[in-house]
Amino acid sequence: MNDPQPFPPAAPPPFLIVSAVRAALAEDLGLAGDITSVAIVPPTARVRAAFIAREPGVVAGLPCALSAFSLLDPDVRAGIVTPEGGRIDAGGVIATIEGPARAVLGAERVALNFLCHLSGIATLTAAIVAAIAGSRARLVCTRKTLPGLRALQKYAVRLGGGFNHRFGLDDAVLIKDNHIALAGSVREAVRQARAAVGHMVKIECEAETLAEVEQALAAGVDAVLLDNMTPAALAEAVALIDGRAVSEASGRITPETAPAIAASGVDLISAGWITHSPRALDIGLDVT
Amino acid sequence: MNDPQPFPPAAPPPFLIVSAVRAALAEDLGLAGDITSVAIVPPTARVRAAFIAREPGVVAGLPCALSAFSLLDPDVRAGIVTPEGGRIDAGGVIATIEGPARAVLGAERVALNFLCHLSGIATLTAAIVAAIAGSRARLVCTRKTLPGLRALQKYAVRLGGGFNHRFGLDDAVLIKDNHIALAGSVREAVRQARAAVGHMVKIECEAETLAEVEQALAAGVDAVLLDNMTPAALAEAVALIDGRAVSEASGRITPETAPAIAASGVDLISAGWITHSPRALDIGLDVT
Amino acid sequence: MNDPQPFPPAAPPPFLIVSAVRAALAEDLGLAGDITSVAIVPPTARVRAAFIAREPGVVAGLPCALSAFSLLDPDVRAGIVTPEGGRIDAGGVIATIEGPARAVLGAERVALNFLCHLSGIATLTAAIVAAIAGSRARLVCTRKTLPGLRALQKYAVRLGGGFNHRFGLDDAVLIKDNHIALAGSVREAVRQARAAVGHMVKIECEAETLAEVEQALAAGVDAVLLDNMTPAALAEAVALIDGRAVSEASGRITPETAPAIAASGVDLISAGWITHSPRALDIGLDVT
Amino acid sequence: MNDPQPFPPAAPPPFLIVSAVRAALAEDLGLAGDITSVAIVPPTARVRAAFIAREPGVVAGLPCALSAFSLLDPDVRAGIVTPEGGRIDAGGVIATIEGPARAVLGAERVALNFLCHLSGIATLTAAIVAAIAGSRARLVCTRKTLPGLRALQKYAVRLGGGFNHRFGLDDAVLIKDNHIALAGSVREAVRQARAAVGHMVKIECEAETLAEVEQALAAGVDAVLLDNMTPAALAEAVALIDGRAVSEASGRITPETAPAIAASGVDLISAGWITHSPRALDIGLDVT
Amino acid sequence: MNDPQPFPPAAPPPFLIVSAVRAALAEDLGLAGDITSVAIVPPTARVRAAFIAREPGVVAGLPCALSAFSLLDPDVRAGIVTPEGGRIDAGGVIATIEGPARAVLGAERVALNFLCHLSGIATLTAAIVAAIAGSRARLVCTRKTLPGLRALQKYAVRLGGGFNHRFGLDDAVLIKDNHIALAGSVREAVRQARAAVGHMVKIECEAETLAEVEQALAAGVDAVLLDNMTPAALAEAVALIDGRAVSEASGRITPETAPAIAASGVDLISAGWITHSPRALDIGLDVT
Amino acid sequence: MNDPQPFPPAAPPPFLIVSAVRAALAEDLGLAGDITSVAIVPPTARVRAAFIAREPGVVAGLPCALSAFSLLDPDVRAGIVTPEGGRIDAGGVIATIEGPARAVLGAERVALNFLCHLSGIATLTAAIVAAIAGSRARLVCTRKTLPGLRALQKYAVRLGGGFNHRFGLDDAVLIKDNHIALAGSVREAVRQARAAVGHMVKIECEAETLAEVEQALAAGVDAVLLDNMTPAALAEAVALIDGRAVSEASGRITPETAPAIAASGVDLISAGWITHSPRALDIGLDVT
């Protein structure tokens, strides 16, 4: 499944970026604003500053970070040195900022909160993607995202070289054990789904045994979710599927465990923790 | 500083909880809703389910998790087994749920996204708090939070036994190196802050050397932030401060490094990563 | 494709219904409110009323209509006589209302604006669906919806027995002539799409000639959009496709033209006007 | 009542247009955005396009349509060829667009959804207005609008040469049969209204018989609503009213029925369907 | 114009009240909430309290005040002693409250901010209304309101016995000197207005001289605004108008100046300061 | 406490100003907009106008006032003559405006509603501040603000030379009589607060007697609120406090009573009415 991506990932539209950043600034500024800077920094003072990576990684979140400054003062100017999705070494410059000191200091934390979190996701993603390079497997993220941040988190996954699984409950069918139990069987669950949803909607079904895999294939699913199987069991399932559907492995994926899973021949490896438990990339804003 | 807390931490008001959860549901449901459950689950089907911890931890986020269900269907009933802030073992039951199957399955992921993230924060916090038990130090969280989630994250820190540093730029003065550079000196920066802010606002100042600590004390600060100092240097600074101000240590705090830092006698240990990089607690919703 | 639907269509979640109705009430009440009723109707007066169809049709929008009353006064009681998706004759009762007269009269127009519009869509849909009964074709609606009303309009289409095509630009790929022109060929456009999108995303491609149909099939599309073709040309295309992809016909669909199109053997018939130009069903609220 | 309008109708203020269009874009883009264009269209590609009428009509909604593009990318440029309220023939150019291809294709449908719907309203309005030209009657629209679209729909009616009746329940008194029943008589209903409302509020009263017309006039109403009367009955009522109040005819108004109604001498003809059931004008965006 | 009002004024609809109060609570609670009460008040403590007037006045704003408590905790119970619009003496009880102490103390200030402000407006209004009792004049408020509070302020005016002039620029025409200057004359300004606006819209025109009054009447205005005239000049103008239009006096209205102005025979006296500069009524919440 | 303020007060961030003004414009324009200007003023007409003070005062609210015009039409140009916080005499020019007449007239009232209200607050504040000049006392405002306007009102207080007490319940602890009663004693209330809140949170406690003052000091409060004491009693309390805490006097503060209170030696004088009952400054917009 791993053709080269035609173009770099696209950020959410500008008005959504601005709206997310405005909410974050409101959260940080409260009613009284940045009382420290207003007390100490002359209104006319200007500073230059640079976003510096303190550790190597993949950059994500620059449109958010730069919006934070311009929302406080449109007079802030920015120069991007390492673009979205670019790799950066420890000490490398991500972007430079010049403008009124109050706006630069006042927006610094909000800008970093977006940039460090999203770059952390992109960096983790890239590490796993690198670990499975050469295999046919794509890394995909899940709906285990942090509330309110899904569109940005999934964009960061794409910047790290990963792909997105469902964005929500609305864009594809994923039949899990509880659905199967309520429908009575894999066959019946898939049949009902096919009858109910539109023709542009794919159907994936969880399978815990090879028998269930076979049942799902017979029912005509587009993809089979193989949860928490060993690499050996995955290989067996992949052989059984034999291209009749997309195969997805999930469960405890790390850069260490991913290669063996990818070697099983699965099409997709899904990992929830790259969005629900990412470590922020260490980035600072150095005033110069 | 470590008197016992009089009462358990209080959750944000109900209307804020509801508003955060409604936004998360909207993000997950899109325009088409939970197409899988609507296709497969009869409208009249009911299920019982339980939130089960897959690993030990501290529970946080139940008001959010339970709201997710009742916002989809007011007919869902919940029973809390381990309350907010309670410790739970692997396999322990956090809460039980009973109601229309569509609502239970449709809200499951949103409920877990809140519960796992916030419980992860509370659990990490509790681990560090336990590590420094017996010292005079309090663990405090910072403004390094995830955009849009600050109030909930800081509440989770309190549930884990930690305290909150500033909630935003608006509620206290924290003078950092850039402010000092722009003001010319620690003395001048503090003087300006004191003149500008209200009498209910405390002033903390970063200090990188003992000379700066002394200067800050002379200027009458309420607290001194000692960033990235060794335990030995911290102990020296604490001796110098000698109760004239609150002392706060920051930088690379983990359950492993915290005891030595606490042993230096500082009043506070601040940690950004408990809110910017927490690992989610592994919790599942088991349908029974 | 036309298995019987397992369950009746599900309405959007209650909080989205309430939010749409609240906005409509705010639009109608302005700052001064229902000045006529407040002037003339005693605050304690109560009325009984009934929604009566003035012409036959399919009912859609009751959750919105009833919310309008309860948002003005929780003391209004409703009894549903003909449920969502039910057929009604001229003179038939859809629902009864009892409560404070001011709330009933004040919410009447907003309630009817939802109910007549959505029932109009369901009724039109049902007419076309009836016209193609017996064929393999499903009727689907498009993204030609009225701004802000998409989720409700698509729900009304389902109530009328139709299906939903894409809900937005985000949930599936639909390659049109402009995309093909920019990519250089159908083959290249499909290849790029396949490489870029997730495994749960289907790809449909517009085709204007049999050659293009063949090219799209070779590129592995999930569905082919046959725009503005005659029934004869459609039949030829369907024969060529031969089950290798879903076939969709579009263009000038009415209850009169639909049977011939359906007879061509296409899987789907898409109609924009059932959502962009529906005639409202004539329904009144009779106070009794 | 039919003096020439001094100036062309004014659009809602820019911030309301932007807010409506932003909501429509959010509805169409979801969390994942225009996945087709992002996959296939190079980020640097630019296109020229033109809004072309596929049938004759009156243009309405350009401010909305053009905002859709600039909200996706401020680099899109537009040139208006046929301005708001202008008549256009089949094949005529309404406006030209030039800019980044992704923004043009991504905003196309939202732009057209506004433009076709509002132009449809303006075109229908103009047809009825033309049918009653030469009479003293004005065509007015009602509160039978689609939820959330009232300000824009009423603006489109003005562009088509019509006038607006009430914008909401708040800006004038309209006493209907239910109010009269609750008050006991036309006389009492009007008296109460007069006592309660401000001096800038006009009062209209529905009348079903000549006796009720006379009663309403005696009570001093500003306008009389004559619902579902024949042209002959209307002429009789107009003669009775004799300029003492504004006369309004309503019920089943079409370009065909309107002339006879207008010939009765009424001041106003009100039509709900021009806003609740308009047919969209057929307009396309042709990329060149 | 001063018939007795048929019914007591009606409050804005519940969802608007709730939305205004929720915003005020969010403003007061910030991210951290009522840190004082959470620290000191046991979660299970309950209190009884009463709203007590510290000075005589007219009560307004109870729906807002009581909502503040129930939004914090639905378990708070209230008993209304002096209803909306009722007169109260110093020391009188307006309402009693019983419930969780944290919610009562946490919502107290927000509740009082609404209640004192709106009761202040009602009380001032009532004082002027009393001063002109016996005359034919009504007291009306203007668009000189405080941003965001217009609907509530105008409701308070009605509770005090006053009437509302325009709610906004949208509900009636008021031609002022600048409009006249731009149109060229009173006659032309009125003619243009009549041609442009709907039949349910009244037209008032400012007049500074008797000549202008005559011109406005000749042009057929519904009302004449007589700004800053002496009582004698007003009487002359009223005589000239002679019932052909409503007469409105404005400018520096107080309980002291109002009687002489009312004695001139004008229909309306408008006062901006009752909404832009009201003194809050002194009300306290006494915990018992 | 009265060092000179280092810099002029800073306005809330631009996006909050714009959001407040947009809401006020929406409130004033309704769905139909400024129907008077649209009827009478040619779309191409331009005007010059000036904000003129009709009485002396301190200017506050210009960013809001000027935003009102540019939100209606970005083509409006403004020139500030008397900046924020500047003193102005009767007849003085605050700012000049030039631009499309419709936008100038349409935004006039909203602009003035902000400007007159906020300048009224700044002017009252300045009057009291002037009355206590030479004393050590600062004037502070309270949480007795008008709903939705707190950030702007507190900014206006700063422009008038006053200081801000708490912005909300969240940023400092203020222990009042009810808290003390619930805790059992001043000592216990303060102890609980100290244990519960963060180190950046100050604690103030109300005291009604010298004994309570002493108790509060012994408990280590940062500030003591002396409510409704005579100047003599205040002086006694100040002597007792003797610099161990900040002293705050409240109750019935006016320019007349303030000097005697300030002479008692208190650090702070708090006044609720400068925000809950300010008289608007009389400012007009003169078209030239």
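Per-chain numbering from 1; labels A, B, C, D, E and F assigned in written order.
Criterion: a residue touches a chain if its C-beta (ideal position, glycine included) is under 8 Å from a C-beta of that chain, and two chains touch if they have at least 3 such contacts.
Small disclaimer: the values here were computed from a predicted structure and weren't measured.
Chain D and chain E touch with mostly matching residues; of the residue numbers seen at this interface, over half occur in both copies. The distance from the centre of chain B to the centre of chain C, with each centre set as the mean of the Cα atoms, comes to 44 Å. Chain centres here are Cα means. That of chain E falls 23 Å from that of chain F.
Chain E has residues 6-7, 27, 29-33, 38-40, 42, 106, 150-151, 164, 167-168, 170-172, 174, 192, 195-196, 201 in contact with two or more other chains. Viewed as a contact network, the protein chains are fully connected, with every chain touching every other.
Chain C contributes residues 20-21, 23-24, 27-42, 45, 47, 64, 101, 105-106, 109-110, 112-114, 116-117, 120, 143-151, 167-175, 178-179, 181-183, 189, 192-193, 195-197, 201, 273, 276-280, 287 to its touches with chain D in the complex. Chain C makes touch with chain F in their complex at residues 27, 30-31. Residue ranges on chain D touching chain A, taken from their complex, read 22, 25-26, 29-33, 38-40, 42-43, 71-74, 102, 106. For chain C in complex with chain A, the residues that touch the partner chain are 1, 3-7, 138, 140, 163-167, 170-172, 174, 191-192, 194-196, 198-202, 204, 222-223, 246, 248, 267-268. Those residues of chain C whose C-beta lies close enough to touch chain B in the complex are 6-10, 12-16, 150-151, 154, 164, 167-168, 171.
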